[in-house]
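The structure appears right after this line, and notes come after that.
Labels run A, B, C and D following the written order; every chain starts at residue 1.
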Amino acid sequence: MKKNISKKIYEIQKKIRIVEEKIASNYNQNRMRCPTHLSIGQESVAATSGLALSHNDISISYHRSHAHFLAKGGSSKKLFAELHGFDEGCSKGVGGSMHLIDLKNNFYGSTAIVSNSIPVGVGLAYSLKLAKKKNLVCIYIGDAAVEEGVFFESINFSVLKKLPVVFICENNFYSVYTHIKERQPKKRKIFKLASAIGATSHSFKQDNPFKLFQKFDELFKKIRKNPMTHFVEIETFRYLEHCGPNDDTSLGYRKLQEVKKWKKKDPLAFSRSYLTRNKILNKNQIEILDKKININVDKDFNFLSKLKKPKFKDIRKLVYKA
Amino acid sequence: MKKNISKKIYEIQKKIRIVEEKIASNYNQNRMRCPTHLSIGQESVAATSGLALSHNDISISYHRSHAHFLAKGGSSKKLFAELHGFDEGCSKGVGGSMHLIDLKNNFYGSTAIVSNSIPVGVGLAYSLKLAKKKNLVCIYIGDAAVEEGVFFESINFSVLKKLPVVFICENNFYSVYTHIKERQPKKRKIFKLASAIGATSHSFKQDNPFKLFQKFDELFKKIRKNPMTHFVEIETFRYLEHCGPNDDTSLGYRKLQEVKKWKKKDPLAFSRSYLTRNKILNKNQIEILDKKININVDKDFNFLSKLKKPKFKDIRKLVYKA
Amino acid sequence: MKTSYSQAINKALIEEMKRNKKLVCFGLGINDSLNFFGTTKGLEKKFGHDRVFETPTSENAMTGIGVGMSLNSNPCVMMHQRLDFFLLAMDQLVNSAAKWHFMFGGKKSVPITIRLVVGKGWGQGPTHSQSLQSWFSHIPGLKVVMPTFPKDAYNLLKKAIRDPNPVIFIEHRWLHNVEQETKKIKYKSTKYLPELISKGADFTAVSYSLSTIEMLSLKKMLNKNKVSFDLIDLKSIKPLNISIIKNSLKKTKKLLILDSISHPICSVGSEILSQLYREKNIKLIKPPILLTLPDVPTPTSTYYTKDFYIKKADIINNVSKLVGKKIKFVSNDSNLHDVPDSNFKGPF
Amino acid sequence: MKTSYSQAINKALIEEMKRNKKLVCFGLGINDSLNFFGTTKGLEKKFGHDRVFETPTSENAMTGIGVGMSLNSNPCVMMHQRLDFFLLAMDQLVNSAAKWHFMFGGKKSVPITIRLVVGKGWGQGPTHSQSLQSWFSHIPGLKVVMPTFPKDAYNLLKKAIRDPNPVIFIEHRWLHNVEQETKKIKYKSTKYLPELISKGADFTAVSYSLSTIEMLSLKKMLNKNKVSFDLIDLKSIKPLNISIIKNSLKKTKKLLILDSISHPICSVGSEILSQLYREKNIKLIKPPILLTLPDVPTPTSTYYTKDFYIKKADIINNVSKLVGKKIKFVSNDSNLHDVPDSNFKGPF
């Protein structure tokens, strides 16, 4: 792998982490007044798949979408502004954390109803096929998404029409506070289910982001060449509560040990040591890089203080396009 | 197999055929004023599964349900009355051909929206489990039903909760006039899909109803003993048009050859010759039996002429149970 | 030359598919031998399987897929042979299509047209006969049109297809064979506005879709009885513009709304009354009359539907009350109250 | 002793589960650490996992499963943390639950109660804030209740659970912490009827759910301004009985409907106006006033929701117009218009 790509992988992971931590540490000031699902712990998937997507590839996501938005090129400034409800937000503050969009980077939005964006993604892919474009649509979903019938209907259509779609399922084992074993048959692997529906299915690991990137990169190239529906399941873990900025081990629905186990194999920590181990960057260089990211994120966050409070009348005409 | 069971299998098949032919031959008189989906050609599945179900087993069905209703013990008198819109119909004429019910025989209804009765069947099974009853719910579906998300949601729940459910999928290759290959990925067997979801799956053949009955019988006994979700796919074929009493080869959506091929291996004809071949009944006895069925069906049909036309005011209070 | 409603729709579809190479049509039955009640005849042949396709029975996903296509430069027309089936797709309709433009800050809109057919008679029964225009009207972000005549169907379908927003286009099945004398049908840019289609003095009648045909069919007989009325055909249910109704009421001061393909509670008829009631300048001489279906699901039996649907006699009795006149009429409600005309061979 | 709305619901559920060993409860979050806003506390422990269970995220199937259970002697209570999620289940609600008893000729009914929570404020946004009582009311076969006070919530939830028909029970999230002084709450057999909860002379106010709380909160201030009003709390949206409204209007001849958790078109407020307008004996001095949300999806930003939701000032200005009096008031609409009270820590 080229050095600059390795560096980039770390950089995106780190940026996502810092942006999310920024949100977390400021959330209790009650100025981000919207339900907010952080992806701290899950950045590896977004960072590597985002980097492997080309500009003209499309991605679409669900309620936990900050990472996917950022990894597709979305601006942290616009993300912060969106969470704060400003006109400068990526959705003018109308959508909030669960409705991000960046059409310039072909991030076609995230939505708040479980599985709701899945068929939309498949429709986007149908258009790619009609236009004979050599690109793909990446649909991020959580593990609960496959419980909604519309997932099944959508993937059936996607397979039937041989659409260039890759589903990336971030299986973090929980839907809110309920473990997957209370919602889905034991021993049934999600990616195998997808395979039986007719998608070409894969199970990737998040732990080594560099390997993961390569797998995505190969897969996406293959799909662009030979449009087909693929499905990737990746086991991952969120460190914080389902919605909000806090640690939630006190709730008792998951064991402290489980959380610790995952934190111990934190993919961001892996990347960091990988860079030094492989002499891509030394410790000092990494610190400089981290600092740069931190400064930029701070700047993006601080710009909020200059923004004007928007008014309902500015957006009430947006219900219909004129 | 006991002789009387073999006889019974033929008898039910034949009765369904005659009832359906009675409807077909009278339909153009325009007194059965409701959409009517006949199952001529598909009787083997209903007859054998219906016979294998015990009285306390429940069944539930879809728009093409005359056969399932009759096989569970439903009265042809009430069926005819229902199609004619009389108060004496199994649903008081309110439901018509697509909404049959016979609670006394634990036939819990058929409904007209594709897949709509599936979760209802699963819910019925949940109650069986709660009541610790050693029975099962048989959910009849067509091949298009598995395209609806609710099928997937329902079977997921059924497997998750280990409910005593058997799905019987009558794959007649068409949804209205559209072949399955335009709706579902090629080479994907429905029963394999169900198996990947977590159901124990089977592919049975309709051609020899006696074998088919034995398979159902064994399977149902197993489920009653060890409650689990099973799925059976059976390839079958309707001889007439999708909805209505006519031959529809002229429409051109299916080849005459295809129809002929299926008619040639008509399971009812098989049963008839099986009875004589195995000396269960001789030709004469069969003719007597046929005649008896014919006479009874005629009687059930003719009783309609004595019925009074019901009035809207008789049923308008039925919207809510008092 | 006469053009039927379904021919008008067919023509509109063909022309729009030609006009916009990106337009896509799909739905169950679109390419089968019956061509969606004749309305999609020739479509697949002319424009190919990729732009005109059958779908799996997956109403919710197909709606979302339509949203995705229309976001990605392929406006589309989705169609359902019965509105009832579309109940499976309320999430994608309400949470995606209707809100997309707004909730992403106006970044992009969803140019999707959804054709829904409403069944009546011949045992359509509880789940093949529902008409939910009042549901759709309740949702911000949707438009709802229900044209009555072939020309309007043609113009409004074309308008809906070119509209950058989601439009619900509801066709009553009994209108498909309605014919209109036309020279050559040509697109006339049109607005989502009601139209005064017949003038009179004694009262104002408001109706839409099949109700308008029902109301029109009484005109001669009422005129013979020296009763005349303004007849306003809504055409667009949302946006709903009531100024033309107000104008008429200034003259007649009496109102009958025939909303005969809707249940009563929170109906379009109720909405019109609510808007009028809140107006300062409307003074009616008598309480307005609203005729709807009863608050009962549709029964299947033809014996039940006879009194379930609104009969001519019901309308006339109400007109009689409203104008304070006895009206002589010979009931011609035939036994065949459950078919639109003698050409119709049930059930669909 | 004070009882909160969520405690009242919790108590009703526990008692009914005890009373009827066949009753089953299920829904997302029912057994998680937050106990469905506290309303299902202790349920699983007391009654076991089979009768109180978490579900997959499968709203449509779970509704049908509830129908099946309730047909097979297990009445049930299904619950959704936001009404918006339930849009996925319209087929099973409308085509199964609502019609079952009717379409099978009255053979059996569906005793299912569906609890739906409506979100407001703190960035709930377009898809976590919808309240569709007008949709549900439109459908024959459904009942719809929306109690405002803990005691009514308790009584009506118990009534709904014992009702042999499907009942939609809509709880506004901002009511969960509302408390009511009670001795011991005890079941009082009740009817689906509105109640006159406060008497006055100058106008009639009609409201329900959170709107009633909003209206009540203005009482003191209006009284200080020498304005008094009859306040009618609907409680039951369907069946909707308007006789008590009519009686009040005979006295006040002025009407304000506060339907502040609904979009305007085909709303419950419109339905009430429509029914009143058609009455012979109602004569209003001024056109009635109907206040609803605008016909716009809910925006997320707190800056936008400020003018999106109905403010006290809006209500007062309208009252002022209605009674023809200037009303002095100090606006106490705080910056925190998007939380119900100081206890509320967003977002859910």
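In this text, a residue touches a chain if its C-beta (ideal position, glycine included) is under 8 Å from a C-beta of that chain, and two chains touch if they have at least 3 such contacts.
Everything numeric in this text was worked out from a predicted model, so none of it was measured.
Going by the stated contact rule, which chains contact chain A and chain D alike?
Joint contacts, listed by label: B, C.
Based only on mean CA positions, could you tell me how far chain A sits from chain B in angstrom?
From the centre of chain A to the centre of chain B is 47 Å.
Report the inter-chain centroid distance for chain B and chain D in whole angstrom, where each centroid is the mean of the CA atoms.
Centre separation, chain B to chain D: 43 Å.
Indicate the whole-number Å distance between the mean C-alpha point of chain B and the mean C-alpha point of chain C.
One centre to the other, that is 36 Å.
Multi-chain contacts in chain C: which residues touch at least two other chains?
Residues 55-56, 58, 60-61, 84, 87-88, 91, 95, 102-103, 125-127, 140-141, 294-297, 299-300 of chain C touch two or more partner chains.
At least two partner chains per residue is the criterion; list those residues in chain A.
Touching at least two other chains: 89, 93-95, 99, 111, 113, 116, 147-150, 153, 156, 160, 183-184, 315, 319.
If each protein chain is taken as a node and each touching pair as an edge, is the resulting graph a line, ring, star, complete or other?
Graph shape here is complete: every pair of chains touches.
Mind pulling up the chain D residues that touch chain B in the complex?
22, 24, 50-51, 55-56, 58, 60-74, 91-92, 95-96, 100-109, 140-141, 143, 164-165
Flag every residue of chain B that touches chain C in the complex, lowest number first.
Touching chain C: residues 30, 33-36, 84-86, 89, 93-99, 111-116, 144-145, 147-150, 175-178, 182-184, 243-244, 251-253, 309-313, 315-316, 319 of chain B.
Using the touch rule from the top, collect the residues of chain A that touch chain B in their complex.
147-153, 156, 159-160, 183-185, 188, 192-193, 195-198
What does chain C use to touch chain B in their complex?
Per the touch definition, chain C meets chain B at residues 28-29, 31-34, 54-61, 84-85, 87-88, 121-128, 294-297, 299-308, 338, 346-348.
Under the definition above, what is the set of chain D residues touching chain C in their complex?
60, 84, 87-88, 90-91, 94-95, 98-99, 102-103, 125-127, 130, 132, 134-135, 137-141, 238, 240, 263, 265-271, 273-280, 287-290, 294-297, 299-300
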